């Protein structure tokens, strides 16, 4: 118990801190590094929760595979120099922070009101996890959840096809301004991608 | 846990750590000697008897060399990259049982740092972490050659990681457990290398590529990339990359020993029962390392496109088919009885071999067709 | 026997028969497109259509399914709701395939991936209508979203890439919300099965506060997919950027699939919380109808206008959902059917009328369309009338049904807002008709003369008229399909 | 549970301490005489830049990383299957054959579309268009 407690209170602040550092970091590669730290600490939290398989998978897939893709893309695009980020909508950042805090508060409230902050494993967890966590996972995944498992393979297939189709594009991107000139200008729409964040829902 | 437990734990970790360091120092010498021998040279002779201290001398020299941080480097990342590349090399070794254990002061001291219940996955996780040292080193150097080298080598490493994982899976199907000690325990009668020879070969090849050893040392292809990802590194930081590379070799060989060659198992007398397993383990690891050195001395470096093609077009499909074939050979007897299954397995095996031959032939032909364009 | 039972759940593949057929067809078409040396888009089209037909036949046979209601480890629901939703989706997919085949052929671009991707999207969509477990809902949602991102970017136009990018970013964002909602639902009730969640909530054993958070997050996730305000931001850009044939497909099919899953999740697992989620849906419906209709007025591009119109339609369907009754489900299904036919046809006409490579999608280029192609102008008018909800079109019956369901459930206000929004919306539909019939052509755009895509557009037109004049043909079926079993 | 990992933490700490200590000690002991030429990146006399501008990496690497994720996830699914598959029996095997088969379809597709080829001369930007045209035609 005590070990759980110590590990949790070491990892949780690091994880949150690295997540915040990632957001504040202007340099894309540094941000990616903070994300890796974050993924790592989350993996350790999985371990604390008694899911060693998930711990390993988190490191292998997220920290190992997906972050390599991130770094590749960062290098590929050469987004190396520190980007000058101009906010088009005033108050967007404040609104985003407020709404984000709102979500956090809501979740904390919902959990607190409902189960309370649990200090022990849920009932039956030990039994379900019996014979080793990977084995238990295998039993569930390949019996009760075999249909989602098979559906995952279709998802993977579509993902592979998607990667190929999107990467095969062989044309030079036209400058955005050029493109805008060709299209009718709409008076009512700012039509910028940054817009939706403002309405980030509280849920 | 009382103070004695802590002490034993600390002692175990410290001993393993320094033995690993020492093994690297020896390994560098062994490699140079063996390669020299194969090329009828003498190799290093000056430092120490028969030059055994040559790598120590190298290390000391690098330690006192001026460390240059290039002007265009990204300083923090440039600094942590060598550490990041070294850590996983040590940590991957942590799950390997290199002996049975010994009883000291009435307490059992296992010859293994940590017997994790996700042992194999830990190895895989650490080997996927090795990419970072290289990627970060290449990027942070602020220079073209390291960047090219690091992108290349990380692409190479992730390509062979899948093949490596597939080899591990087929071992798992025999042991039925991810824990390293139980994988060794499952090999009490037959070493996994016998039923799983193809997986062993896949693992060795993937291991070569993961550790960037010749003939897969593309990241350091000096004729085109100067020295690859560590071109801009010097002094102690360079030494760390060097250390990491050789540590990885040791680790890969140790994993191969544990998974395929029965780990520390071997016939031994009752006398000094704790020592013999360690010796067996060391001998097996050395044998694999010798094979690696031999390969280095024999084969020229791969061309990059062939390297990638080999990983993706041969190793992965072959590994996948092998996993399924292993599954069929183990599961089907339980359902249909042995005899028909043995025949079926032979047929499957034949088909697999045929397919793999076809595959490589196919890949080669496509290459020759497309090369002129 | 016992060991056999323990080793795997009983495998009754019948209820996912349509998905199996689609998966098989998708794999065949994918490999056919890649492996066969001389690519024959026509062969791929025919194979895909055959796959869709097979799936449709299997779906119809499921109407009389006598096995368990929930099969495959509680993952799939075998009810008539799923059958009807699937049939709509398969029909839309078939027509969209024909349109898309023609689109890329005329453009001279070879896109063999179009066919398997449409099949996989349809697979995700049909699966989501039958999914009885939130995990399966999520996976199906991801399959359909991922395929749609690619389909959007299938054209070489830069606008398509931009649209795809926006769709992907916001879609991934919404998936995260959805997944968080699933986690909350699991936290509240200890299960992801829709029926178990419902039982746990009904028996007060579940955690109500967490369940409410789950509902809110799931509504956000679905809200993105059905393009309900305020989660509609991506819609105009994506609909405008995507190749028009793809726009036709996704505007029609995505909404049907997402609403089917939306209905099923809300009406089964969160039925015990109906009083809590109705106001949320209510608010969404009002906002969606008003914003969609009002913003549509200001559009100068026909694709953007139709995109806003589709947003408004999502609001009308939400009116039916907010009723939270069987009548509501039935009316929503009918609305979806009518909407799917209408929007598919409308985008089909846009594809044919806008010239090669979609250079002319501004409203101005629709001036005097009746001179250049009376048939296309006529079809477009029919679809616009249906969208406006003017008899004798299916749109009219659909709107009446939805409003009646809301009124019967006591939601007067929503129905009133809906009627007002319809009046506003009628304005811009009529405006386009005025353009087409009363003005002289400004630009000389040659409409596509091909016959086959015209037929593909004529089919939804016929259906729009048919369901408008004889709604009884399907209403009876829909009523029997609107019982959600759990 | 967690105590299993304690020795690993100790080992990591030791390795980290070793690395940091050698960096620090070495930096104290070694000479430090930088000159602009020493600090310049390794180049053959051309004006060094932080990163090559304009010229970016072939998109191949990105495709490769994507495919790697797909296959990595696939192999991850193999692990719980492999440890339990004696108990899962024939059903488990059939499941996995279907799963691998479907991913294999994607693999074949990617192979045919040239996603696994590296000898395609896409390095120079001018050639890229031509190769694309040739691919689309052939």
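Every chain is named by a letter (A, B, C and D) in the order it is written, and numbering of its residues begins at 1.
Criterion: a residue touches a chain if its C-beta (ideal position, glycine included) is under 8 Å from a C-beta of that chain, and two chains touch if they have at least 3 such contacts.
Since this is a predicted model, take the numbers as computed values, not measurements.
*Asks:* Which interface, named by its two chains, has the most contact pairs?
*Replies:* Per-pair contact counts point to B-D as the maximum.
*Asks:* So which chain is farthest from subunit C, going by the mean of the CA atoms in each chain?
*Replies:* Most remote chain from subunit C, centroid-wise, comes out as B.
*Asks:* By Cα centroids, which chain is closest to the centre of the whole protein?
*Replies:* Centre-most chain by C-alpha means: A.
*Asks:* Between subunit B and subunit C, what distance separates the C-alpha centroids? Give it in angstrom.
*Replies:* 51
*Asks:* How big is the gap, in whole Å, between where the Cα atoms of subunit A centre and where those of subunit B centre?
*Replies:* For subunit A versus subunit B, the centre distance works out to 31 Å.
*Asks:* Using the average of all C-alpha atoms in each chain as its centre, how far is it in Å between subunit B and subunit D?
*Replies:* Those two chain centres are 16 Å apart.
*Asks:* Whole-Å distance, subunit A centre to subunit D centre, using C-alpha means?
*Replies:* Roughly 19 Å, centre to centre.
*Asks:* Using the touch rule from the top of the page, what residues of subunit D touch 2 or more other chains?
*Replies:* Residue numbers touching two or more other chains: 3, 5, 50-52, 57, 61, 65, 67-68, 72, 76, 79, 83-85, 87-89, 91-92, 100, 102, 105, 107, 109, 113.
*Asks:* Give the residues of subunit A that touch two or more other chains, as numbers and ranges in rising order.
*Replies:* In subunit A, 52-53, 57, 60, 64-65, 68, 72, 75, 132, 134, 142-143, 146, 152, 154, 157, 159, 161, 171 touch at least two other chains.
*Asks:* For subunit B, jot down the residues that touch at least 2 other chains.
*Replies:* Correct list: 116-117, 121, 147, 151, 158, 161, 177-178.
*Asks:* When you check every pair of chains, which ones turn out to touch?
*Replies:* Contacting pairs: A-B, A-C, A-D, B-D, C-D.
*Asks:* What part of subunit B is in contact with subunit D in the complex they form?
*Replies:* Touch residues, subunit B against subunit D: 1, 9-10, 12-14, 16-17, 63-72, 79, 82-83, 86-87, 90-91, 94, 113-117, 120-121, 141-145, 147, 151, 155, 158-159, 161-162, 165-166, 169-170, 172-173, 176-178, 226, 231-232, 235-237, 240, 304-305, 308-309, 312-313, 316-317, 320, 323-324, 327-328, 330-332, 334-335, 366-367, 370-371, 373.
*Asks:* Which bits of subunit D are touching subunit A when the two form their complex?
*Replies:* 1-3, 5, 50-53, 56-57, 59-63, 65-70, 72-74, 76-77, 79-81, 83-85, 87-88, 91-92, 95, 98-100, 102-103, 105-107, 109-110, 113, 115, 128-129, 131-133, 135
*Asks:* For the complex, give me every residue of subunit B touching subunit A.
*Replies:* 74, 76-77, 116-118, 121-122, 124-125, 128-129, 131-132, 135-136, 139-140, 147, 151, 154, 158, 161, 177-178
*Asks:* Enumerate the contact residues on subunit C facing subunit A in the complex.
*Replies:* 7-9, 16, 23, 27, 30, 72-76, 113, 116-117, 120, 123, 127, 133, 135-136, 139-140, 142-143, 146-147, 149-150, 153-154, 156, 158-159, 161, 164-166, 169-170, 173, 177, 184, 187-188, 190, 207-210, 212-213, 216-217, 220, 230-231, 233-234, 236-237, 295, 298-301, 304, 362
*Asks:* Would you mind writing out the residues of subunit D in touch with subunit C in their complex?
*Replies:* 87-89, 91-92, 102, 105, 108-109, 112-113, 136
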